[in-house]
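Here chain A shows up in two complexes: once beside chain B, once beside chain C.
Our next item is the complex of A and B:
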């Protein structure tokens, strides 16, 4: 205390500031290890968690995206965390459901498993390239993710069609299938444009939407023309 | 503000408009409003002394602001982006222009205007491929509707064949034509020469008229099919002929006739080939039962 009084008297000329050169600065500079850094460590090392946890996390992400497709609104959830598990699952399911048709006995006929894969993935890649060339701001994998997830209504329609076909293949079943496929095709196109719409420059939206429309139309056509083996 | 005659001393540079006030004669192109430099001039009311640095400054800003695009190398993404530099209404105008040829209106000059695009040709070809496959399938289905021994098959391999035919017409024929025109251009100085992309663009857009024609082919009436094919051929053929006429007009008559007739012939081949391959109903369409009963009726009175 006395030392500080002397020091302040020495520098009495200075109006506000009293800097004492005698009092040393002390303290502890090291950052204490608290609970925050431990959490940060845990977030990055997912090697320690049980496998069930890992799988459930991915499944939850996929499931939440399915729900976003079911109720499409302008949201960026699909775009922010893209993943390709959902599209892969949907593509495999669709290709499996399109098997077992009249094609099996003949060599002509329905799409083979590989053809469905090629159409879905190759088509998505071409549409993505198209939208990027037209100046879209969406990234390559985000666009693939959106297009893949929006196949979900069409896959559901395929499942419904197969169930309807169990009951018979007459005109009524055809009418029902036509209505179901048309509705799901419209839903898919609407959902994907709801997600992709904002990323395009304004004068070119129709140019980007048309290939998406064609893509889902072709998939819808494949579903509608599926005829069961008799 | 110290006026610097020493070029090595660091100094701040302002906007081009202000910098070049000292030298009004310098050629620059500014992308901002012309009003802004004037307002700034009035506000600040000083002219920096940059006479010695002026030529350099004006050159730099000229190059930066002139808007010249450096052409990107062929393996980058940006190179292909400049072929997609169109808006929706451009595509609409080009499609309509390819369906309604007007005598004297050259498609390339009127619609392309030095901005050929790859969007139109590619997506029109793709749409035509799927339209052809689906319509062919549907026409078979309609013809055999109700017949008990017909098993409906989607026939997906037709998509591959249609794709090969149409894409090779739309991309290989322009390549050949461009090569021929280039060769003739070396021999005879033509006034008009088209780039490969412009030729591909014309060919791609000229296929647009076939899409509604192909949809009309679903109905199994031969007269309808032949009518629509003739109309489509006339329209698309005339677009192609009017586009390439100025390019071969000054040439030797034989060469001119050869080129023109090969353009038209290939177009005809494509249309007729597609029709006969995809829309030939496998069994001969026997005259419908109505005709048979009519002949039976005619025969019956003579029998009695």
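Our next item is the complex of A and C:
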């Protein structure tokens, strides 16, 4: 009796005791993100062509986000798998398109290259901080992702404006540019509120949407007032 | 047990491959090359642009592109291959953001890099942000504000990876729990460290 008591006492606290074969043992290792960690394990072990697959996967993710901005409707697509490639690409494109006017001189033809970057990125950071301080549940990078992707309509408007400006800078071209920029500004703001909307506390929505409105307004203003140097 | 007396096939070819792999100086030469390539080219480009004083915009775009590629490749590829560390961000179902830092446990079947590769990895990871910090001060004190924005962007990209991998390393050095083997069977134990953060 004493021996078996001692034996069971010995086994009582041990966690690495080996388990006999007729008791089925199963379960997850204590990673709270069960299914996705198994997915990551597959990534780890399938190293045959990891780089190409990873690149393609990321490209597809970026492409799908662009499509979501084209047809904005209430969805969490941009939020779940955030990435900052799209915002980077759009920012660079916008800055390059806004470049032709100044060309390194300090004229008022167009904003300098770094200014566009600073405005876009610091503007997004400040808006994100604002929404977090107002109690939003969205994370920092998710918000940057959404704001960056929703610059796409304005970048397209910039491209259109450059084309229109080739034809001349008179009143007609200004009217056309005004219409284009206003439409795309509305589109950007609408898209970003569609994606960010659910994460904000109720009753604070206006307080969160207003800086976004201002942000895209400033960018739209930069686009509208761009004039190429002669 | 009947299993012990069964005939076991000896695979000499695989053994030799295994031995060659284990004694190689660099198991992932391509990964090691790319780990350093983008960072070093970005630094060189910055120096050349600064001294030749070309147009600012193409230089900026070039360096940011190089550093973005570097960020992606170090985070997604070379960290896994060279030192078996990985970190990422995941959004929960309730929208909470989790930062996960993982360290692969060293074991025989591993394809993690050799010591030389680990040294390449960490040296590249640490020295380049230091060089960019130096550039930060030189551009600050020479009042080249345009270049300052570029340097700040570069530093943030490089330091992000450095920080992520240092955290992964800290996870790996915490030691394994006593009962690790009974749960894993043949699987390599990966102990992630999960942070619920404000970022």
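Throughout what follows, the second predicted complex is superposed on the first by the 171 of 230 C-alpha atoms of A that agree within 3 Å, B and C clash if a C-alpha of one lies under 4 Å from a C-alpha of the other, contacts with A are read in each partner's own complex, and residues count from 1 in each chain.
Assume contacts are C-beta pairs under 8 Å (C-beta built on N, C-alpha and C of every residue); 3 or more make two chains touch, one makes a residue touch a chain.
Here the structure is a predicted model, which is why all the values come from computation and not from measurement.
Of the two partner chains placed around the shared chain by superposition, chain B is the only one that A:135 touches, whereas chain C remains out of contact. Once the two complexes are laid over each other on the shared chain, residue contacts for A:225 go to chain B alone; chain C is not touched.
Once chain A of one complex is fitted onto chain A of the other, the partner contacts of A:214 are limited to chain B, with no touch recorded for chain C. Once the two complexes are laid over each other on the shared chain, residue contacts for A:92 go to chain C alone; chain B is not touched. When both complexes are overlaid on chain A, the residue A:166 reaches neither chain B nor chain C.
Within the superposed three-chain model, A:179 lies out of touch with both chain B and chain C [touch as defined at top]. Between chain B and chain C, C contacts the larger number of chain A residues. Once the two complexes are laid over each other on the shared chain, residue contacts for A:205 go to chain B alone; chain C is not touched.
Chain A residues in contact with chain B (one complex) as well as with chain C (other complex) are 132. Across the interface of their complex, chain A is touched by residues 55-57, 60-61, 64-65, 68, 72, 76-77, 80-81, 86, 88-91, 95-98, 100, 102, 104, 111, 146, 149-150, 153, 178-179, 181-184, 187, 189-190, 192, 194, 198-199 of chain C.
Against chain A, in their complex, chain B makes its touches with residues 77, 80-81, 83-84, 86-89, 91, 119, 123, 126-127, 130, 134, 137, 151-157. By the touch criterion stated above, chain A contacts chain B in their complex at residues 102-103, 106, 108-111, 115, 130, 132-135, 203-207, 210-211, 214, 217-218, 221-222, 225-227, 230.
Those residues of chain A lying in contact with chain C across their complex are 15-19, 27, 29, 31-33, 36-37, 40-41, 44, 47, 50-51, 54, 58, 79-82, 85, 88, 92, 95-96, 99, 104, 112-114, 117-118, 132, 137-142, 199.
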